[in-house]
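Chain naming follows the written order as A, B, C and D, and within any one chain the residues start at number 1.
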Amino acid sequence: MVDKLIGNYPYLIAALIFAVGCYTVLSHSNLMRKVIGINVMETAVFLFFVASGNVLGGQPPIIDLNNSDVIYVNPLPSALILTGIVVSVSVTALALGLVVRIHRQFGTIDADEITEIRSNDNA
Amino acid sequence: MNMLIILAIVIPILGGLAVWLPGLRKHPFVPPLISAIIVAAAVAAMRIGSGFGQISTWWEVAPGLSLAFRVDHAAWLFAMLAAGLWVPATAYANSYMAHHPHKLQRFFMFYTLSLTATMGIALSANFFTLYLFYEMLTFVTWPLVIHNETAKAKRAGSMYLVYSLAGAAVVLAAMVVTWATAGTLDFAPGGLLGAETSVTVIRLLIGMLVVGFGVKAAVMPLHTWLPTAMAAPTPVSALLHAVAVVNAGCFGLLRTFYSVVGPEALERAGFSTGLLALASITIVLASIIALRQDHLKRRLAYSTVSQLGYITLGIFSGHPGLLLGSLMHFVNHGLMKITLFFCAGSIITDTGIEHISEMDGIGRKMPWVMGAFAVASMGMVGVIPINGFQSKWFLFQGALEAARPEVIIVLLASALLNAFYFFPIVAGAFFRGERTEWKAEGLSSGLIWPLVLTAALCIVFGLLPALLYPYVNETVLSLMN
Amino acid sequence: MPDMILREITSLLLPFIQMYGIYVVMHGHLSPGGGFAGGMILGVSLILYILVFGLDSCLRKVPHRLSSFLESFGTLWYAAVGLVGLLRGTSFLMNKGAGIDLGTPGELFSSGLIVVITIGVGIKVASTMLSLFYTLVEED
Amino acid sequence: MLDNLPVIIVVSLLMTGFLAPLFVGKFRRTTQVVAGMLTLAAAGASAVLLYRALNTGPVYTALGGWEAPWGIEVVVTPLSAFIMLVLTTIVSLVMFYMPHEQEDWPNQKVGWYITLVLLLTAALLGLTMSNDLFNMYVFLEVSALASFGIVAAKKDRNAGDAALKYLVLATIGSGFVLFAIGITYAVTGYLNLGFASQALAEGQFHPIITWIIATFFLVGFGIKAGLFPLHVWLPDAHSSAPTSASALLSGVVVKVYAVVMARVFFGLFGGAGLEALGISSLIRIAASLSILAGSAFALVQTDIKRMLAYSTVAQVGYIFLGFGLGGVYGVAAALYHVFIHGLMKSTLFLSSGKVVELRGGSRDISGFNGVGKLLPIPMAAFTLAALSMVGLPILAGFATKWYLFDAGLSAGIYWVPVVVIISSLLNAAYFLPIVWRVWFGETEAHEVSNRRVPGLIPLALILAVVGLIPGPILRVLEEAAVWLIS
């Protein structure tokens, strides 16, 4: 059991980082930290994906035309994660844009203060 | 037959919408009156044809749920009662509303739409159609209840809506249970539940039906909305109490007890004693409460609650004799109660009096009105030449056949209480001097002839039992299969 | 205004950064990288330019409208190239099956339409990075 | 050609979307109309696909000619074709409303808004028909990005805050989905739904692994679809968006996520597997809580758009409940509700948007007093949709309830009818007072310059017709449900 866990340590670390990211998003009221938390979370998933494509002793998957019996690592997860990173970058960019806008409109980027301002608006 | 059913259902909808025609701005009552007459004629014509029992399906709303209609004995009884009384009620409503002009078009639209809902309930051939129109009845009578838009009326309206919607929701649940156990929703004489249905399910179903339809039939703990709804204009009260709403509740109970649950399952559930007790409590308790009411319409309302107890008693019993009496009362009570409410409305319109304590001596000022009132109240008590006597007679007979002496005691006690709360009104109106100052402005004929007509009908039905008895007997036979 | 060292170094480095970005874009079908990574490098090089030389000088070279246009253009480019397969009677993004010469593996001009698509992606990513930065920085 | 139709729909929507900002400056009106016509054409194409899928089986397309499991596979089953049809129909009708809303917007904003809406549509279409988990994730994210954009389209500050809240939570949701996809890939080696489910079934994995996969999917999609208690972003986001965006987000977007979740679940684990894992009962409980809590929250709102948004939470609960019950009737109820709730909610949002506009932007419920006389046709549509929500018979909402009852009772879960009935009473409690206000409330005479709400009448008409004759649709859905379950 322990062997298995240690042998698969990238997965464990990925899960750990995922939890850290999730915690950061949910526990901090500073919007920038939330955005950072999102990134941490997504990085954990990327790590998980890439780790699952690893082949022990494998080479980077750049085809070597002269040598046909090279072991490559599985390129599919890496390729997928490239897409994942694109998505993550766009989300982050959009989030930052929104944070800038919120700062402009509310004068703060603290979620609790914003909630307070909004409830005063309504009252 | 199909044509007649379509007429009965669709004409009131058209009539209700026609109220908004620009040409009828001044006379919004015309389309409702015409549609009421057409519907009454159509329903009367259904008796002539030979199409009893034929199902006419309009369309399938969802797999297993179809909109279907059928005329059978019980359906025609209710339809004829409602459609027949709708004509004088509409005429009366026109005269009454002429004195209280407030959003007449809206009033008459919903007044007429209620006719569709009532006809739909009466003629439904399956549980779904019944439920559909039962729900519709709530929605079209609600605007009538809060018509005056006073705070009181609005409170009454919310109460009515809450009670009715909750009741309809329970009916829906009952429908689901029926569908799940029987696999069909089409009414059939003898019921839909097979012999293998467990007693628990039957009891559950009966309980749901009693709660669901009992709301509209004002079975005792569920009656509170009815006296409160007195805030509505008087023609509406007449409609609620005598013609459409409460009778729809009773009819729903009748239909579902005998065509869904079935007499045999009813027997097996072993509920009859409990249900009879419920009805008996309603009869006696409501009468006692009625005694203590000074507000005329509220007293009449509690009287309705009590009298409906007679009807539900027969339905709950599952015994042919009691059922016969209860169906007789179904018709007779409608006639008497509509007369009483017409009288109350005329009194309010003419003198503004709403309380019984102020009514002393009123009989000499308006003899026709109070005469009709006297006739109807005597009927309520069960004095011989009036129709109320007959229904009580058959109820007594049924109770004897069913060997239920306790029912006889309840009936006697209630008759006594009825006498206590009706006769002082009549006696005071005719034989006591005026105690309070009021002035009568004189009534238009439209506020007199409908109530004289219905009072006359009470006497006619009282004198000629052959008008009603054979048909009701057939109805009971067809229901008991 | 940033100091001279920064400006001189940046103006020295920028051509190399951009050349590297183009290199990565063009070799997307041969080695790790490709349109996204290369486009990102190009976009970041432009952002560096803004940080050092100021927003206005970059807006003069690449106006906001141009970068917005290129954003749409990149996507359309991708879709249009994808449709080639479809127009040839096969499926979307089809390459070899649509009768396009794939060339020799390992050479720069090979693998049919993929390199063409990658260029579109590079343009799209670079211009999007720039537009986003413009949107964030510009006060409206 | 027909095999490529699904791809053509998505690609043409995307291309038009990105062309829109280029042309909107000179040909604003044309751009708007072309976008609307295009989605309408997409609806037509979806109808063709649905017909084809029902008659000759699903349409498979392998992108780039790479067959599954190597390539990305697109498959149009009756289920996905139906959802596509619903989606495109509602989007196109809302599209016809949009020019009305955009009258005083600057050109650039109109262009981007159209881009985002078309991007959202394309992404949701892609999401519905993709048979590849990672491809699903990409479309999920694209649709989410587009949704964030249209939520933030209004300039007021609440919109920005709501959009960021939505973004943060939705991204957590996609994180969970992606993690679940990662685990699936790691243990099975496939991303194609069919192959992965086969591998899962044959692989004899420890139940905890499948359970983790399922729970992560549930949390992820639950956040995106606004399942209680993960709904916290929804009322804010759906109420701060422009009217057309609210109609789309509440009307179609959240429900597509629910349907995709069902596809993933039934595709990976099968109905029996879900029941064995306990996921079905988890969904049922969360759905019932959604239904009750959403209605209860809606009851206390005084802001009409927030009320409608909370009502969406409750209505999505119906959909999840249907999926949680499983079986042909449960799934058919859920799919039917996806359809009619889309119609009802769009109608409600568009018509109340008109009222908000009339009242100078005030969203208080008291603004509905007496508007029936000022805007008779939009308010008739509002009334129809509100009463359908309550689920009165011969209106559209009733068939859902009926099917849910049937599914609940045949699955032996007797509290389902109770929940549904309580919920319809709650619905009545918050919709009927508004209907009363609309028709019989008092209002000062008010000049209404423009009574038109484009796109509303077709929505309401479809709703009315569906209510009267739901039979044919339900039969199609039963067939679609069979596809999903087996």
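Rule of thumb we're sticking to: contacts are C-beta pairs under 8 Å (C-beta built on N, C-alpha and C of every residue); 3 or more make two chains touch, one makes a residue touch a chain.
Computed from a predicted model, the values in this text were never measured in an experiment.
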item	value
Per Cα centroids, the chain farthest from subunit A	B
Closest chain to the centre of mass proxy, which here is the mean CA position	D
Separation of subunit A from subunit B, taking each centre as the mean of its C-alpha atoms, in whole Å	69
For subunit B paired with subunit D, centre-to-centre distance based on mean C-alpha positions, whole Å	45
Centroid spacing, where centroids are CA-atom means, of subunit C and subunit D in whole angstrom	35
Subunit B and subunit C: spacing of chain centres that average the CA atoms, whole Å	80
Multi-chain contact sites of subunit A, meaning residues that touch two or more partners	90
In contact (per the touch rule at the top): chain pairs	A-C, A-D, B-D, C-D
Interface residues, subunit B side, partner subunit D - complex	59-63, 65, 67, 106, 128, 131-132, 135-136, 139, 143, 149, 161, 165-166, 169-170, 172-173, 176, 179-180
Complex interface listing, subunit C residues touching subunit D	68-69, 71-72, 75-76, 79-80, 82-83, 85-86, 90-97
Contact footprint of subunit D on subunit A as seen in their complex	11, 18, 21-22, 25-26, 31, 34-35, 38, 41-42, 44-45, 48-49, 52, 77, 80, 83-84, 87, 90-91, 94-95, 98-99, 101-102, 105-106, 114, 118, 121
Of all residues in subunit D, those that touch subunit B in their complex	392-394, 398-399, 401-403, 405-406, 409-410, 417-418, 421-422, 424-425, 428, 432, 440, 468-471, 474-475
Contacting residues of subunit D [partner subunit C, same complex]	3-4, 7-8, 11, 14-15, 18-19, 21-22, 61-65, 115
